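In the two complexes that follow, chain A is the common piece, with chain B as its partner first and chain C second.
Here is the complex of A and B:
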C-alpha cells in the first residue's frame, strides 16, 4: 500500500468537519495564489467577504427553510412566496418598532405562509408543487394589497415601505482590527487569509450570526436528536414511521412551520439589507428559488447548503464589486484547480478522469490567456455557473429523502 | 522512517509559509479612505459661452393653446402615481396643462399598471381609454410600445403619445429624451468634483436606453478631465430586468466602486438606485466626502432625509415638459411642432440644483450646456 492510497483512504475516513476544513483550506489557498498571480486583490479583500455574507444571507435562510420542509417529505417551492411575506412583515414591524421587531415580523409572516402550505399539502393532500406556486402568487398579491393599504399613506408609494431602521453592525475586536492591519500590508497569502477571515469577523449583525448559528443548530436538531430522527423518518418512509408511533401529521406541520419561519427570516434579511432598509415590491428577485437550488445541490444537508449559498454569494459579490476582470481571474484559479486535481488523479491511477481534468484545465487556461476580461453578460451569470459546476462535480450522488413529494394519508399502510 | 518523513514535510511547509509571510505585494494597495494626496486631475477649462448667453433659457415650443375641449387619458407604467419618478412627472405635466391651458380636470383620466401584467392587460387599458373617447391618450413608459402599436392602428382618429419609446404610426407622437445630453452635464459635474480622479457609473440593465446615460456621462467627464477614470458597471445584463429593482445588489456594485477609489457615483438604475445612495452615504466621511448623482427626477427631494445629503445633483428627464407640450400641440391641432427628441435646447433634460451640491459649478456647467445647444459639442448616445 503506497502512502498515497493510504492518504486517500485516510481522507475518506476523516470526520466530516475535518474534510470540510481541508476543502476550505484548499479553496482559500487557491484564492490566495490566484489573487497574488493575477493582481486581483478584490478576490480576497474583506469588502468582498462582507458583500458575500450580505448576499448569501437571504439565500441561506431560504435554503435552511427548504431543508426542514423537504427532510419531512414536503417539497417547498413556496419558499419564494413565504420570503415575500417575510419582507413585508419585517418592514411593517420594523418601521414601527425597530430591527428586532422586524426579525420577529418577518418570522411571523413566514410562519403564516408555512402554515398555509401545511394545511394544503398535509391535511388536504394538495399537490406540493401546485400549493407552492399558489403560495408564491398569494404572497405577491397579499403583500401588494397590504402595501397599498398600510404603506401608501405613510410612504406615499404603494410599492415601498417607509424606511426601516437597520441593525448596528459590530466586529470581533481586537481580532478584526489586527486582521485589517495584516490585510493592509498586502503580504502574500497572509493578507489574503486575513482579508477573507477579517470580512467574516467585522460588519456583523445579529441576523448574520443567527444565520450562521442555525446551520449547525439544524444539523444537531435533525441528525442528533430523536425529534430529528422522527422528523426525517416522515420524509423517508412515513408509513413505517407511523407504524412506530410517530405522529406524521404533527411532524410535517412542525417542519413546515419552521420552514416558513426560516424563509420569513430570509425576507427579513432582505428588508434589513443596508442597501434598501425597507420593503420594495419584487425585491426578493427569485432568491427563494436560488435557496432551494442551493439546498438541492448541497444534497439536502446543512453543510452542503451552506457551501452552496456561500459559493453563490461569494462569486456574486466578486462579480458585482470587481466585474469581469475578477471573474476572469477566477478562470485562472479554476485552471490551477483542474491541474491540481489531474495530478491527484494521476497518482491514484485514474487515468481517464485525470486526462479530462487536464484538458479542461488547459481549455480554461487558453481562454484566460487569450482574453483580457470576460464579457459582462457572462460575468453576471458567473454565480449560477460556478455554483452549478462546483456542486455538480462535488456531489455527484444526490440523494433526496425517499418519500419526498408523496401524498400521505394516515393509516394508508394498513 | 515515517516519522522522519513527516517531520521533513512539516519543516518544508513551515519554512515556505515563513517565506511567503515575508513577501509583501507592491501592487494594488487599495486606496483606503481619505487618499486626499491622490492623483491630481488635469482639468480643461469650460468652453467660452457663445455670445455671452451663459444660461440659455428654453423658449416655449409653441404658444399656449386652449385645451378646454380635450379629454386626456394617461396610462401609467408599473409603479403609477407615487413612484416619485417619471409617472409622477407625467402627472405633473398634466396638472400644468390643467392650470395653464384650461384643460378641465373632469375630462382627464389616469389608469395604473400592475407589476408583471400581461401584454393583453396593457392593450385593453389603452383600448378602453380610446373607446371612451379620450384623445389624446398618453402611454407612459416603453413597456407600452407593442400594445400601443396594436391599439393605435385600431383607432386612427385618436391621438396617442408614448414616453421613452418610438412607435412609427401617423397618429402616435413619440416623446423621447436626449438622456445622453443631461448625463454629459452631470458627468462634467462629477469630474469637476472628484478628488481621486475616479468616478463610477452604475447602470440597472445593460440595454441601449441605459447605455445612452453611460455614454453621455463618460463623455462629459472626459471633456472636463481627460485622465479621469470611469468605472462602468451594470447590475444585470440585457433580458434580465431585475437590475432596475434590486437595491441589495446595487449597493454592492456601488461599494465595489467606492472601495476601489471612486468618489462620485452616478446611477441609472431605477429602484436599485436607493442601494447606490445608501452605499455612498455609508462610505462618506468628513475628511473624504463621497457624492452620488440621481437620475430622472430630482432625487434630493424624493430620497429620505439623512441619505439624500450625499446627492450632489440629479440628471433630470422632464417627462412633465414633454407631456405638457404634447397636450398643447394637440390642442393647437399641430403635433409637428414638437421636437424629435426633448433635449437641452427645450429643457427636456437637465440637472437639478436642489440641496446646493453644485452651486459652485453652475457657471461652468451652463457653459457646457450652451456649447451643446449651439452645436459646439455633440454628444453620442452610444458608448
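Here is the complex of A and C:
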C-alpha cells in the first residue's frame, strides 16, 4: 500500500510531459487490448488514425482559438461563427487560387469575425455570450448571402462552392512504410501501435502540420514569453494588469484576432478536407462548440485541448471508417477503462467515486454484452455523446481564467 | 534637488456632484514615513490615485524630487519612482509570484533567470519567504502584501504608497511589517502610509497629515499627538468608543452549538472540529482569530450555507442542524456577512430591493408569496431614517452608497423582523469612524433589548469593547477563552497565532 501511495505521489510530481506520456501510453494500451479482444482491427488501423487526424483538425484549430480568447478573459462562443466565415473564405479564395490561398482566405475571414467580437465585447462591453451567439448567426447569414451572390453563378448551387483543389498529401518516409509493414503483420499490440503511429505519419498536409505545430507554439508564446504573460494576466486579473501598465484592451484585441484567425483556419481545414473539397452550407456542424468543449476539457491548456480534440476526432474516425460495430467495440474499451479507474480510486480510498465508476463500467459492459452492434443513428452521434460524457466526468477540477467573461472597463478598478 | 520626495500643491478634483479633493497641499520628505489619515470617503484614495496617475487632477501640480511632473497613467508614475500597494491586492491568484512581479516590467530583465535572481534579492529586503515559482493563491495575506511591495520595488520605486496596509493583518503581522518598513526607511525609501488606525499611524509615522471631506485639516507630530486628538481631527467632533461595560447577559440560551464538525471538501484537516458554544440573550459572544482559521466556515455552518458533518445547532431550543438557510433566517437569525459587496448586497439594485433580500418570504416586504414593492420602499425608508443611512433616496443603487452607509443598511435590514440572534461578521470593516460608531451603538442597543450576538471581527479593540465573552479560534477549534474586561489586544493576538503555547 505504501509503495502504491508513493507511486501515486510520484505521478503527481512528475513533469507534465511525462504525465501526458503515461496517459497516452495507457490509452494506446487500452485500445490495443480492446482491438485484440474484440477483433475490431479497425480500432487501431492507420486508416482510422488518418481519418481521426482529418476530423480532429478543425476542432483542434477551434480549440486553440478558444484558448487564445479565453486566456485573455473573453468567452468565445462565436468560434462557430468565425469557423463558418472561415469555410466560406477558404472556399472562395481556394477555388480561384488554390489551397494555400484557401488557408489565407479562411484565416482572413476568421479574423473579421474575431475583430467583430473584440469590438463588441472589449470596446462596447457587450455580454460575451450575446456577442458570440450574434456572430454565429451573422456568420450563417453572411455566408448564405455571399454564396448566393458569388457561388451560385459558378457552381449552380447556392449552398455549395465550386470544387476546391486540395493539398497534395505526403508521408514521413521511410518511417511510414516501415510502420505500415509492421501493421500488416497483425501482431498483438505491436501492430496496433504501428497502426496508430503510422496513421499520424502518413497522409499529411501542410495544414495538418501547421495544426500540430501550433499547439506547442501556443504554449511557448503564452507561457514562456512576456507577451504571453501579459495576455494571460488580462484573463486572470485585468485590473491588476492595467495597474502595471499592461494595455488590457490591446491584448484582448490581439487575442481575439488570433482566436478568429485560428477559428478561420479551422474553417479552412473543413473546406480542404479530402473527403469534401469545398464549401457546403452547414458544414461546420457545431465543431466550433465542440472545439470550445475540447478546450474546457483540456483545462484551458494546449496539451489538454489536443487530447480533447483527439478524443473527439478518434471516435468520429472510428464511426466513419468502421461504423456501428467498431463503436460497439469501444464500449468494451470503456468498461475496461471504468474498471481500471475504479481500482485506482479504491487505492486512493475514494470509495464513492470508485463505486460509481464500477457501476458505470458494469452497465456499459451489460450493454456491450447484450447487443451486437450500436444502431447507425447512435454511431454517427457517438462523438458528441463521448464529448458530453467526458466533459461531465472530467470537468470536476477545472481552473478557468479567473476573470473570464467579465466586462472590463478601463480605469474603473479600485 | 529639494528635500521633498513628493510635493502636491493645490490639488483639486471634482466628480459629478462632489468635490473629492479641494486645494490639498502635501509635502513628503525623502526617507520618511508620511501618514495620511482620514475617514473613508474623506478623499485619501482619490488623492493617491492622482499621485499614482490613475486619475488626473482638475487643478494643482505634482512635483517629484523638485521637478514638476504630469502623470497620464500609472506607467508615468512608476517611471518617476512612485509605486503603489493597493488595499485590495492587485494579484492574479493563478499566476506565480514571479509572474505577478514581472508582469508589465518584462523589459527590465526579461522573464528568465536574471529576473528571478533580482526577485529573490528584493524578496530578502522585504522579508518574503515564498519561492518565485509558487502560485500566489497558496500565499497568506502577509506574504501577498510583501509580493506587492516587491512588485513596486522591482520597478525601481523609491516612494511607495501603502493604502491601508494593516487592514488585513493581525497585530504580529503588523509588527513585522513595521519592522520591514523601518529597515527600508533606513535604506532611503519613502513611504506614504494611508490608514485610519491611529495607534498604528502614531507608531510608524514621522509626519501625519489629516484629511477631512476632501480638504487638509492639518498636520501633526506623532510624538506629541494622542490618538484621540487625531481622531477628533479626522471626524471634526467628539469620538465614539466600542465600550459596553454594564452586562445585560441573561441566562436564556438562544444559540447552542454542540460538537460541530465540518470536514474539508477534499480530505485534509477538517475546517471545524469540536466547536461548542452558547450565546445567551443579551450577550455578545466575540470570536477572535486570524482569518482563515474557520470563522467563516463557522458562520456559514450556523447559517446553513454549509452542511455540518457532525454536531448540532439549536436556536432557542429548536434543532436547526438540518434546516435550510431561509428557514433559519425565518426562525430569527440575522446575518451581517463579512464581505458586504459580495454577499450582502446587490450593488446594481436599488436600496428597497436590497431590503427584500433574505426577507422575501416575510412581511412587511412580502405578502401572500408576492413582493410588496410599496411596503418594501416604505420599510427601507424606515431603515434609512432609523439607522442614519445617508442616501438621496431608496431608489438609488446600493453601489452609490459609501461603504459605511451600505453597512448601516445591511445592519438595519438584518435587525428587521425581530431577530433573536444576530451573526455579525466584521460589521465595521472598511467603514469610516462615524458609521462605525453608529453600528456600535445599534449593536449595543439591540443587546440591551435582549438580542444575542455572535460577533466575528479582526479589529481586536472592537472585539474587546463590544463582547461579553471572547473565544479564540485557531485551526477550526475554539482553543481559548478570554475575559474582555481584562484581556489586552496583544494577549489576544498571541492566542490567535497559537504563540502562547496553550489556552489562555
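The criterion applied here is as follows: the second predicted complex is superposed on the first by the 385 of 414 C-alpha atoms of A that agree within 3 Å, B and C clash if a C-alpha of one lies under 4 Å from a C-alpha of the other, contacts with A are read in each partner's own complex, and residues count from 1 in each chain.
FYI, a residue touches a chain if its C-beta (ideal position, glycine included) is under 8 Å from a C-beta of that chain, and two chains touch if they have at least 3 such contacts.
This one's a predicted model, so the numbers in the text were calculated from it and none came from an experiment.
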| item | value |
| --- | --- |
| Fit or clash - chain C, chain B, common chain A | fit |
| Which of chain B and chain C A:136 touches, first, second, both or neither | neither |
| Contacts of A:273 with chain B and chain C, given as first, second, both or neither | first |
| Which superposed partner A:402 touches (first chain B, second chain C, both, neither) | second |
| Partner chain in contact with A:240 - chain B first, chain C second, else both or neither | second |
| More chain A residues in contact - chain B or chain C | B |
| Partner chain in contact with A:285 - chain B first, chain C second, else both or neither | first |
| Cα-centre angle that chain B and chain C span when viewed from chain A, reported as a multiple of 10 degrees | 140 |
| First, second, both or neither for A:49, with chain B first and chain C second | neither |
| Lowest inter-chain C-alpha distance for chain C and chain B in the superposed arrangement, angstrom | 31 |
| Residues on chain A lying within both footprints (that of chain B and that of chain C) | none |
| Complex interface listing, chain C residues touching chain A | 45, 54-55, 73-75, 78, 84, 86, 88, 90-95, 99-100, 102-107, 110-111, 151 |
| Chain B - residues contacting chain A, complex | 17, 20-30, 32, 79-80, 82-84, 114-116, 206, 233-238, 240, 242, 245-253, 255-256, 259-260, 271, 274-275, 278-279, 282, 304 |
| Touch list for chain A against partner chain B, complex | 36, 39, 41-42, 45, 47, 51, 54-55, 58, 140, 144, 152, 156-159, 162-163, 184-191, 270, 273-277, 280-283, 285-286, 316-317, 320-323, 376-377, 380-381 |
| Touching residues (chain side chain A, partner chain C) in the complex | 225-226, 229-230, 232-233, 236-237, 239-246, 399, 401-402, 411, 413-414 |
